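Each structure below is given as structure tokens.
The same subunit A turns up in both complexes below, where it pairs with subunit B and then with subunit C.
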Partner chain A sequence: MDRNQITKWLKSPAKMAHKYSLHAVYFCTGCGIIEIPPVITTRWDAERFGVLPVATPRQGNLFMITGYVSLKTLKAIIRTYEQMPDPKYTVGFGSCPINGGMYWDSYNTIKHLDRYIPVDGWIAGCMPRPEAVFVGVTHLWTLIDKGKADGYLRYKRYYAAYRRNQEMLFGELQWPPLYPTEAEAEEARP
Partner chain B sequence: MIASLRTGLEATFKGVEVTDREDGMMFVLAPGESIPAVLRYLREHGLDHLALVSCVDWIEEGELEVVYLLTCYMRNNTDYGPEQRRHVLLRTKLPRESAELDSVIGIFENAEPHEREIHELYGVHFEGHPRLIPLFLERGYEIPPFRKDFDTRQYVEKTFGAIPPVED
Partner chain C sequence: MVTRIIQLLLSPLIALAVGVLFLGLSRKIIARIHRRYGPPLYQPVIDVIRMMSQRSISHGSLFELGVVLALAGSLVTVLFIPLGGTVICRQNPLAHGVLCPLSSSGGLLVVMYLMLFGPLGLALGAGDSANPNASIGVSRKLLLALAYEVPFLLVILAVMSHYRTISITEIVARQQESGWGVLSVPLSAVAAFLILPAMLGIRPFDLVSAPQEIASGPLAEYGGSYLALLAVQKGVHLFVVIALYVDLFLGGGVNLATFLVKMLVVFVAAEMIAAVLPRIRIESAVRFCWKWPTALALLQMAITVLSKSV
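Right after this comes the complex of A and B.
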């Protein structure tokens, strides 16, 4: 262990533990998945940074969306995100989730991922190189240290708005709301 | 083989135009109602693999062109040669307003997803298809999105532009 960080460990052990146990759900949409095998295997070895791939979203806390998001994929992304345990961090990988990228005028690709689920950080590029993933991970560490990687809290707080956006796109959703919407919360209040 | 196929096609079906190319490719243009019969004939004469079904929108002519690409499986080593190589490209033209065809699933089973895809992206109706429901798309579209008169930019502005950002 790095001796310089002992005070940090003593001050906020939970944050430090979150930082160094990022279990990544690689959501393999689009071309970004080509970059992921070299990232997690011997060439660049993401395990140096404590990033491990997991088998199911119920065990992960880092959600990477690697490429363009079509409408059908967005549905799966929302369900995957809602299954992950708190705290969870979302990173959009490549330019397509940021603003549509080269699919900016496509009829079936969403343009801004952060209007449907909260996103903590972006890695820009088309495609970003594996080094960029590690730069992104170290930035995420800083954000966790400062308490700014709070996407999962924002999802709870603004859930009504997120759900409204999702329903604007899909119409009626086939699953119930994850959190009580504002009206229901108002009713439940004594 | 190619030559006999050509004469056979022209003798059996009315209104079929056959064009040969030197590299073993054969273009067949057939009217819509004779497509299943022509496909069955080609299948019986050795072209037993339907590689793809595709569609082209010729908006100036007001026509949709459905394309079937057929090849054959090579069974013996002697089959591999320039004169044995066979590709047949079967085309048919349909009016854009009422594009209808008979389904060919009975002849080539693997045509099913292709026909579903063409139905949702070009709006061609395939008579006799067991489940003509969307394959890739999640939303309803007024005009099928691969037709040339579908304005993607306008659609994107209307649909995705209307969704507000969640936080400032």
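Right after this comes the complex of A and C.
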């Protein structure tokens, strides 16, 4: 540990712990997942930065979407994202979640992931090299430090808009809203 | 009285600190064997702080109480295990340096019962989450407990009948006088070392919390501060099992420092074996535990009983 980090640890231990213990839920969509095994195993060893894959969304705080997102996987992505405990960070990996990439004219993949769930950062490329994951992680550290990785707060504040976008795609959603929508909040108000 | 209160507070704290340190050490050892650099030694502490600061999602009151039961059971077990020190006066082991607050009561029998609290609490809590992965994990955990309890009980019976006592302090004192248990009951020591990974839940017996098969098993629905407490419980449980091994077979410790060094040796040996082995299935685990360790423990017990009766 750097000596100049000790004051930071004393000032905000939760924030620093979130920086150095990013337990990742790798959502294995598309071809991006093939870059993840070298990242977490011997060659690049992400564990030295505290990045570790976990098996369930309940235990993680970093959500990586590695590749194109078809309509069917988007449902699973939304449900996984909503199951993760706050604070949580989302990173889109590869060019497909950013703007559709090579699937720009596909009828069955979504083009902009950040219309449906909040995304804190992107790792661009097709494919990004494993080094790019580390660059992404260090950028995420800076964002967490400055308090700009606030995707989970944005999701809460603009939940009605996100939910509307999701419903435009799927029609009626099969799960109840995570946060009370405006109509329910109106009813609850005395 | 005052020393007793200090000991009651001190030994769980030592178990917490050393247990969490061992968790970090295990990740570092495995990383170095994989030719990686590995996380820093204090990485579990960072993880626990991070989990504590996350929002915790509960699935019912038993879900929360199971965690408390598991952690409390492990912490109470520490109080019955001597953590180094020499016995000067047999009649009153509390009068001097043995760091074991509840040495005068219970002994091995109580430790045997209390060590079941961890799996039981986790099973109760995970059962309340109604996750199918957690159910599979719980059934594997209880089956594995059944598998290692048989050789473990035989090992403890052999040790108890060799030293003719159930008091762990007494056993440690006898070993410091007349040679370690690993020399006087060698086959039991080997059997206990063979089931050590099953008791610790490390490879090749980490089938209970296998992340790739059953989404980390009983922990599947745990997150936030519950998961932090369970990580701490894992560390304390690790401390309890290895401390018991050192006390029964490696002659305890003259003081706390030598005790911890012996624990470190046992732990590093177990981890080095764990780092190079793959995970085995539950039926293979039960078959293994009921074959070699049980046979060795039975043989040692027969030898002990026959040599004592002659």
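Convention: the second predicted complex is superposed on the first by the 189 of 190 C-alpha atoms of A that agree within 3 Å, B and C clash if a C-alpha of one lies under 4 Å from a C-alpha of the other, contacts with A are read in each partner's own complex, and residues count from 1 in each chain.
By our rule, contacts are C-beta pairs under 8 Å (C-beta built on N, C-alpha and C of every residue); 3 or more make two chains touch, one makes a residue touch a chain.
Keep in mind it's a predicted model, so treat the numbers as computed, not measured.
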Task = Look at where subunit B and subunit C land on subunit A after superposing the complexes, then choose clash or fit.
result = fit
Key: Angle at subunit A between subunit B and subunit C, C-alpha centres, nearest 10 degrees   = 100
Task = Using the touch definition from the top, say if A:Thr138 reaches subunit B (first), subunit C (second), both or neither.
result = neither
Inquiry  = By the touch definition at the top of the document, which applies to A:Gln5: first (subunit B), second (subunit C), both, or neither?
reply    = neither
Inquiry  = If we overlay the two complexes on their shared chain A, which of subunit B and subunit C does A:Ser106 touch? Say first, second, both or neither.
reply    = first
Request  = Could you tell me if A:Lys75 is touching subunit B, subunit C, both of them or neither one (first, second, both, neither)?
outcome  = first
Distance in angstrom between the closest Cα atoms of subunit C and subunit B, superposition on A = 25
Request  = Could you pull out which residues of subunit A sit against subunit B in one structure and against subunit C in the other?
outcome  = none
Complex contact set, residues of subunit C against subunit A = 27, 31, 34-40, 42-43, 46-47, 49-57, 133, 211-212, 215-216, 219-224, 227
Query = So in the complex, which bits of subunit A are touching subunit C?
reply = 1, 13-14, 16-18, 20-21, 23, 41-42, 45, 47-48, 50, 52-56, 58-59, 61, 84-87
Touching residues (chain side subunit B, partner subunit A) in the complex = 136-139, 141, 145, 150, 152-153, 155-156, 159-160, 162-167
Residue ranges of subunit A touching subunit B (in the complex, touch as defined) = 70-72, 75, 100, 104-108, 110-112, 114-115, 118, 154, 158, 161-162, 165, 168-170
